[in-house]
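Think of it as A, B, C and D in the order they're written, each chain with its own count starting at 1.
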Amino acid sequence: MANSKYEYVKKFETDDRLPPSSWIVVRIDGCHFHQFSAEHAFEKPNDENALNLMNSCAVSMLEQFPDIVFAYGVSDEYSFIWKETTQFYQRRASKLLSLSVSYFTSVYVMKWKEFFPHKELKGPPYFDGRVVCYPRAKIVQDYLAWRQVDCHINNQYNTCFWMLVKSGKTQREAQELLKGTQAKDKNELLFQQFNVNYDKLPQMFRKGSCVYRKKVEEVVKLDDTGNPVTRTRSKVAVEHVDIIGPKFWSDLPYILEEE
Amino acid sequence: MANSKYEYVKKFETDDRLPPSSWIVVRIDGCHFHQFSAEHAFEKPNDENALNLMNSCAVSMLEQFPDIVFAYGVSDEYSFIWKETTQFYQRRASKLLSLSVSYFTSVYVMKWKEFFPHKELKGPPYFDGRVVCYPRAKIVQDYLAWRQVDCHINNQYNTCFWMLVKSGKTQREAQELLKGTQAKDKNELLFQQFNVNYDKLPQMFRKGSCVYRKKVEEVVKLDDTGNPVTRTRSKVAVEHVDIIGPKFWSDLPYILEEE
Amino acid sequence: MANSKYEYVKKFETDDRLPPSSWIVVRIDGCHFHQFSAEHAFEKPNDENALNLMNSCAVSMLEQFPDIVFAYGVSDEYSFIWKETTQFYQRRASKLLSLSVSYFTSVYVMKWKEFFPHKELKGPPYFDGRVVCYPRAKIVQDYLAWRQVDCHINNQYNTCFWMLVKSGKTQREAQELLKGTQAKDKNELLFQQFNVNYDKLPQMFRKGSCVYRKKVEEVVKLDDTGNPVTRTRSKVAVEHVDIIGPKFWSDLPYILEEE
Amino acid sequence: MANSKYEYVKKFETDDRLPPSSWIVVRIDGCHFHQFSAEHAFEKPNDENALNLMNSCAVSMLEQFPDIVFAYGVSDEYSFIWKETTQFYQRRASKLLSLSVSYFTSVYVMKWKEFFPHKELKGPPYFDGRVVCYPRAKIVQDYLAWRQVDCHINNQYNTCFWMLVKSGKTQREAQELLKGTQAKDKNELLFQQFNVNYDKLPQMFRKGSCVYRKKVEEVVKLDDTGNPVTRTRSKVAVEHVDIIGPKFWSDLPYILEEE
């Protein structure tokens, strides 16, 4: 029974290789995580364990896929930047997308217990994803700035919102109170009503999480004269720092190196 | 801090909505499952528990996504057929692909214990995926026939191969012995050397698994005269049947109904 | 001087082959023809010579490209239907599009003199184009019905509009008078004010033009007994007939034959 | 008769807008020009009139489409570079392609008489085309270098080939003689056998044609004191110069200016 009779169906497959000379961003996003976080009683506005679980999955991603050069996460979303010249699966969009989202999901479920030892998973967490190409390092930086500005705007709003709700307002009242307020107004409200200095809140909440390979010097052994012999090693790090300004990128030019 | 300055990066996103009037096939495939099945000591050539776990995940898929009308699985791969008229996420390829592969993966890890109570997961199982459109029911059937013929060819080969290996041949010797053999020769070999009638092996191994909604009649209550009042309900079923011939499709025309 | 150093630029080309099992429609449309028709003093609302020139170009298209099975034209637009199974240039969209629009344009300029012997071309006529795939004969018919309905609606409006303008109204007044009128009202207006029975206007104006291969019987020679020996030949014909109803297509099933 | 019933067919159209931040190259290429040039008895290896006609069409293109910043032509092919930021027809590939190839074709036929006053067109000349995106100025330069190197290789070969044929060899003999020869060998052959110094042949044959806007200073009037008042104007120029080396591009940085 040869299979040739039906093989014509393969002709319907399309070539989805992404163009050369561009960074490939895979952004994944929790599906129905509003409901998922309610079911699992996540802290509001930020659940530290849930964020650390996301970050831990992102670290696994960089360890598994060497061509991911940077990842940025906030809330239930994570963006993975594949290097400009990656030839992983011939740059096929469907492969990069499906492998990324599947591996992330798998690790998320496997590590759940580690971050929530006292909570059972009540239903399968899952993520959607998309792929976008950016042809210049500067535009990738702008993409990441876009996500970090979003993190800031959302977090400031959510912090106010949940403070108001926890203080006794209904969700609708809280919404009404915040309508039309500016960043300054929200900081003021936090300080006046709740004695909270927004800028003192944890960096992870305000800046999101950056995951990338850091070059670290490590001592391998001592030489004959007792001096340390070192070598440079790459280590995946998680940091909560500003990536909107130019400093981060000029300090670490190797991350988004152009060909 | 408005976000408008960076929002231009959204213009790099592409419109990936699939054309109307076509069935959408999402096929997922275990990544590095050769290694994964070795690490977890899967039975060769077929591990019943592993197949049942795959099937159980497929059932969850049909329960979660009402627009999947049929699924076919063999080994570590599964094809999901989305109905011709689905408007799920506006038919965006990246959404359909990422949600399918992520949900499947999530359920796979969550249900692992149920099917392998005495085996710990040693690493994250994950899957790649692809999306293909088929504009006519007949071509979808040919697609599925293609997969089932493949199942048959591979299973027959693998059955011989592992019988030979278990009987003391090296893997290379087994390979050499099978080179160039036809279906008939393989059946003969199984019967002559191992007293195995290939056609008596479990259907699941030889035919793969079909998952779809069956219409079942169920008694709701008895009426005043004591006669049963029934209603038709849909129930997701797993079956190991022939889908190459026309009978399956002519018996169940509602599955691949054309608009 | 080998060229290999620069050949990497070819990797930026994309594979634009259209999916199998679909009819390919190339629709071309006059660019700035409002201005072009004014410059060349085309008759309003329909210039018979200009339409005949368009039709003559369409006939050339079918003679040049055997895989075009049908063409439909109205005003300065023409749709060309390539047969479902065409392998012309491997079904590459850019080839089909560019060759169609270029050939049509070339013939248009070359034949201009034949249809407008007393008018010089004052500037280059040119066309834009697009490619759309339709996976079923029924949808191709609906596509063509869509164009013919459009022809009807526009022609009825334009006939009224230019009658009013020729009778002394300004263009704005004519526009105002027609705002919100139904088909029936427009027919009434033509009859009452201008004694024109819309249904008696030339078919070409009301129905547009269909171009396709007609099978004609022709006498090749007489046989020994003096009886005619005939053969069936294909001849490209231009007709102005209804293609909205099913009759045309059921009479000529070979035009949109499905594989 | 509303048209809504059939308008669903528009949903089969795809969004073909090209990504931002990239130069768009439309390359057109004569279709069956081997035969076309034979029919019209073009000079071999280069017909000066035919090349000048191509160049004249390219000049018209730059005059018609302000967003074309550069064009390069050789033989019966021409590449048009649309500027990085063009918003022409929303960067839709099919529009850019069809309008370019149609306008070029139209002008080609219209200007034929001007360049071949004593030759009638015997059949419609037409062109195919393709669209490719390049995200960086450097890669556009490499694309153009690729075309110019090709021009050089082909012209050197063709010059030898036709010299041999004109001197009495058959085409097959000429082909055999040139098989495996290097650039140096061909130059030697031309010099030894035909006393031709390849480097002295017309630049247009050896380098192809570059079309772009030159900034020229022109005197508008004299001021009160009799001094000339000048202004800078753009003028479309045709030149036959080296665009492989960096000099051309560093002298005229405005042509491929990056955003």
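Everything that follows uses one rule, which is that contacts are C-beta pairs under 8 Å (C-beta built on N, C-alpha and C of every residue); 3 or more make two chains touch, one makes a residue touch a chain.
If you want to know which protein each chain is, UniProt gives these names: A, B, C, D = tRNA(His) guanylyltransferase.
Small disclaimer: the values here were computed from a predicted structure and weren't measured.
The pair with more inter-chain C-beta contacts, choosing from C-D and B-C, is C-D.
Over half of the residue numbers at the interface between copies subunit A (tRNA(His) guanylyltransferase) and subunit C (tRNA(His) guanylyltransferase) are found on both sides, making the touching surfaces mostly the same.
With centres defined as mean CA coordinates, subunit D (tRNA(His) guanylyltransferase) is found 31 Å away from subunit C (tRNA(His) guanylyltransferase). Subunit A (tRNA(His) guanylyltransferase) and subunit C (tRNA(His) guanylyltransferase) have Cα centroids separated by 53 Å.
Put simply, the C-alpha centre of subunit B (tRNA(His) guanylyltransferase) and that of subunit C (tRNA(His) guanylyltransferase) have 47 angstrom between them. Each of residues 8, 12, 14, 19, 21, 133, 139 in subunit D (tRNA(His) guanylyltransferase) touches at least two other chains. Note for the complex: subunit C (tRNA(His) guanylyltransferase) touches subunit A (tRNA(His) guanylyltransferase) at residues 8, 11-12, 14-15, 19-21.
Taken in their complex, subunit A (tRNA(His) guanylyltransferase) has these residues touching subunit D (tRNA(His) guanylyltransferase): 19, 21-22, 133, 135-136, 139.
Within the complex formed with subunit B (tRNA(His) guanylyltransferase), the subunit A (tRNA(His) guanylyltransferase) residues making contact are 1, 3, 6-10, 12-14, 28, 31, 60, 89, 93-95, 97-99, 101-110, 121, 124-134, 139, 142-143, 145-146, 149-150, 152-153, 183.
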